[in-house]
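These are the structures in question, set out in turn.
The following pair of complexes shares a single chain, subunit A, combined with subunit B in the former and subunit C in the latter.
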Partner chain A sequence: MWGLLRRTERSSQGHIDAAMLLKTEQVTKLFGGLTAVRGVNLSVREGEILGLIGPNGAGKTTMFNLITGFYRIDRGRIFFQDRDITRLGPADRCKQGIARTFQLVRPFQHMTLGENVAVGCVYGRVPATSRHDAEMRARAILELVGLADQFDAPAHNLTLMNRKRLELARALATQPFLLLLDEFLAGLNPSEVHVALELVRQLRASNITLILVEHIVEAVFGVSDRVIVLNVGEKIAEGSPAQVAADERVIDAYLGRGLHAHA
Partner chain B sequence: MTLIIQNLVFGLFVGSIYGIAAVGLALVFGVMKMLNIAHGELLMIGGYVSFWLFHLAGVDPFLSLLISAPLLFGLGVVLHQVLYRHIARFETEQKIKNSMLVSFGLVLILQNLAQQMWTADERSIQTAYSGVGADVLGVALPYTRMANLGLALLVVIGLHLFLSRTYLGKAIRATADEWESAILVGVNIRQTFLITFGLSASLAAIAGALVVVGYGLSPSIGLAWTLKALVVVVLAGTGSVFGVVPAGLLLGLGEAVSGIIAGPAYREVFGLLIFVAILVVRPQGLFGRA
Partner chain C sequence: MEQVGSQLNQPTVPLRAALSARRRFSRARVFSWIVVALIALAMAAVPQVTTRSDVLNLLFLIFLFIVLGQSWNILAGFAGQVSLGHAALFGLGALTTRTLWFGGVPFPLAFAASGLVPAVCASLIGIPTFRLRGAYFSIGTLAIAEVLRITIANTLPLVSFLPVDMLATYELAPRYYLALALALATMLATYLLFRSRYGLGILAIREDEDAAQATGVRALPHKLAALVISSFFAGLAGSTYAFYQVSYYPEAPFHAGWTFDALLITFVGGVGTLIGPVLGAIFYIFVRERLAVTLVSLHPLIFGILFILIVLIFPGGLVDIGTRLRRAWNTRRASHSESRSAGK
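This part shows the complex of A and B:
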């Protein structure tokens, strides 16, 4: 089942010598006089899960908008699979293999779940060859996220958890190499968080590279290989979850002393 | 009694033109979140295309749709690239305001151009079958008017099939619902906007041909039709493209009823009363979702 999403074009050789998938160089974004993101260097290797954390206003979602092409970058460059994508628009970046979910989920309200996902299958990185192909793929992906029985249901009255599943399914439909999850866990109750984290782990098993923006720090530390901490638009720390949790600047800016004691 | 039924039937016929005129406006509003005041001018130009094709080349007005609809699609594409494309990047509220201002300017330009080129004379098409029709129990059913109704149904069915069955149609609906999500799954929304606008202009051309056959055409009719279409769109509920044709028929019927009760002078007032009443009582429209 997960084989459907597994990329066949290139094989990942584990984390150590895996190829660089995404790299940002000195990325800067200004909103008028405010610098939302300042000179951030970030890189993700194939198959990796990168956690992106930081206090409100740190620039996490801005980074997502820069990587997906929703914001025009003011300074710096972005490379994806060694290709300069700085000037590519968001739809073209999707076709290169970058997908994302929104913090506030945005399904196509007036369409069925199947149609929601099928649109991604048709216009994504690997366009479906026929209506039948699109529908088959949409069905398989809805099954992956646990919505198989609602293929023909309208998208406008789903529970939050199911809206998140649908948002994930639609992103997966484009067959991304890199998936950005923006606060995927926000608003979910503890048991739903557990289910959602299980979905994230399954994604990794299928070799999709992930960047997570999340406020539930324990959850990020639990699934991430590496964590980057942003504060006021700048990268203040980077490393394994344990290294970051012990970093003085991170503790001062974000984690606080309480969590440090647990970590 | 026959007179009343006759009035209602004619209300239904004119309502079908309201429906076609409004479908294009609703499409642009729903997908692009723009209010194209110049929609009536596109209708007017489409009407002139049919008129001149008939007048100069003897092309049947219903056949001329095969020429005028693609032609107006092209005009729509040009207008989109020159004007509306630049409004597309604003926030939604600004987009509505700016599109109204820009398209109002376009109204003045197109109206005056039409007057320069084609004079302000009122034109209409008299075909061999104009005025001919069936007679059912004393109620006249002119063929041209029945064709209006048939065409309105064809248009809405065709549009429905296009939007629900084809993936281009699904992309347009996806863009209407959540344009940012649509971009994220790889939909080229500049292209969907362009096609939507061209389609809307084509639909205006169809309405224009019906107007020139059944009613009359002059360079200044545009705004009245835009207003009528706007009433229908509000009646149907914004975002409900398929409610538009029934809403158009309803407005036509309502006008006929008000004409019978209060006299023909109050027909127009009735439409505006409905407009206000719907906004107050049921802002989501008759067929819209809250």
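This part shows the complex of A and C:
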């Protein structure tokens, strides 16, 4: 069923030889005198899950906004599937196959859940051919995240967990190759975190490439193939979860002595 | 995670649910189409039954204000771009008709041009203006419209044109039918737009421009589309006004009062709903005409109080009455069948 999100099946065996999906070169973003992101090189291979961590204000969300085209880049370039997308707007990047969720979820409040998701089906990478087609696809996607029974319900007054499900469903509806999840687990209680992590694993099984920004470090380390650590706009470490957890600079800047996350 | 897991194994459930939902929906839809057709036929029959000009004038105004309100609603209610420059579009439509028609161009051609001129002007002005968001957009559009009104007032002679031969052959029925047809066309176009895929994108832009863009919706083309359609119908409304009024100051249809009429009608009826401007226009015209007859100088005050009361009692506009009735009916029926099954 999750296969329906992806038209092209790719070999799931290892990402070592898999093609490069996203690559940022020396990406820099300034806000007035503040350098929010400084010369960051980041790359993700197809099928990989990349964790992006760092203290508050490290530039993680800014990095997402640069990758999805919400912020204009000041220096550097971004490549997606070997195409230079540095100058593309957010809607066009979505159509190329880059989707995101927002750190503070942003449902279309006065539309039904079905309509929320149908927007993604109509305007995403594989546009629906009719409103009816979009609605059928939307229903299937709501089914995947466990919201199908609320297809006709308005999107306001959902619980936080359900708003997160909706945010995910709307992003999935665009049939992305690459999905950026910004603090998808934040604000959830432990059992909800468990459910949400299971959803993330399902995404991996369906071969969607993911970048996760999270403060629950144990969770990121548990699902990520590779982790990049940002601090004050700069990349200070990169490697497997184990390598990063043992890195002195990461421990000093972010993790502390135990493996305790900041809130 | 049990829910997700079990749903993965039942791919036929959503399909079946979708089909049954559609069937239920389409029966209600057939019913509403029949109601709409009956109302349209009844309205079309009125001039055959009566020649009372007060009745025809009242209905004409309702049709005209449905178009005025709905055209504003397309841009402000559905696309979320709260323009306060709507009078400029209405005025441009009226001015185009006045110029061409009085200049000898057949009315149907002048009418068509009166839709196109405001649409073209608006799309040119819209590209820079849509860079403004929220209140800045509203103030910007108000400023542009006022500048246009003052320019018109200062450059065109302040005479109410009186084409004598036109007044001699003036008939109300053609005006009535034009306004009726235009109101129906506006309603149909609005309905089709927001049933379409493109309408979904326009709604998404209204709800959250950034989230919409993240979902693949390009903001500017959708706002422009709403603006162009809105301008087209506002211009045709202006043309209909020029055809009906014949004699007026050229500046009159540019007056900001037209914008606020459109706004009031839409808010009283239900902003962002298809039927809202219809309810609003009926209410507004009835109240205005009644009050104007009985309480000449007090009527703006009373209307203001009525408006505030309605918005306080029904924040969603008069359409709220229908929604509440339906909800009350559904809960009553539910409790009724519950008590029946409990009694068994």
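In this text, the second predicted complex is superposed on the first by the 252 of 263 C-alpha atoms of A that agree within 3 Å, B and C clash if a C-alpha of one lies under 4 Å from a C-alpha of the other, contacts with A are read in each partner's own complex, and residues count from 1 in each chain.
Following the convention adopted for this analysis, contacts are C-beta pairs under 8 Å (C-beta built on N, C-alpha and C of every residue); 3 or more make two chains touch, one makes a residue touch a chain.
Worth saying up front: this structure is predicted, and the values here are computed from it rather than measured.
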item	value
Fit or clash between subunit C and subunit B when superposed on subunit A	clash
Partner chain in contact with A:E218 - subunit B first, subunit C second, else both or neither	neither
Residues of subunit A touched, compared between subunit B and subunit C (which is higher)	C
Subunit B versus subunit C as contact partner of A:F151, first or second or both or neither	second
Touching partner for A:Y123 - first (subunit B), second (subunit C), both, neither	both
Which of subunit B and subunit C A:D252 touches, first, second, both or neither	neither
First, second, both or neither for A:D84, with subunit B first and subunit C second	neither
Which superposed partner A:M111 touches (first subunit B, second subunit C, both, neither)	both
Which superposed partner A:R170 touches (first subunit B, second subunit C, both, neither)	both
Doubly contacted subunit A residues - partners subunit C and subunit B	68, 70, 89-91, 94-95, 99-100, 102, 106-111, 115, 118-120, 122-125, 131, 134, 170-171, 173-174
Of all residues in subunit A, those that touch subunit B in their complex	68, 70, 89-91, 94-95, 99-100, 102, 106-111, 115-116, 118-120, 122-125, 131, 134, 156, 170-171, 173-174
Of subunit C, residues touching subunit A in the complex	1, 3-4, 7-8, 11, 13-15, 17-18, 21, 195-197, 200-201, 203-204, 207-208, 210-219, 272
Complex contacts: residues of subunit A adjacent to subunit C	1-2, 68, 70, 89-92, 94-95, 99-100, 102, 106-111, 115, 118-120, 122-125, 128, 130-131, 134-136, 139-140, 142-146, 148, 151-152, 170-171, 173-174, 194-195, 198-199, 202
Touch list for subunit B against partner subunit A, complex	167, 170-171, 173-174, 176-178, 180-189, 239, 289
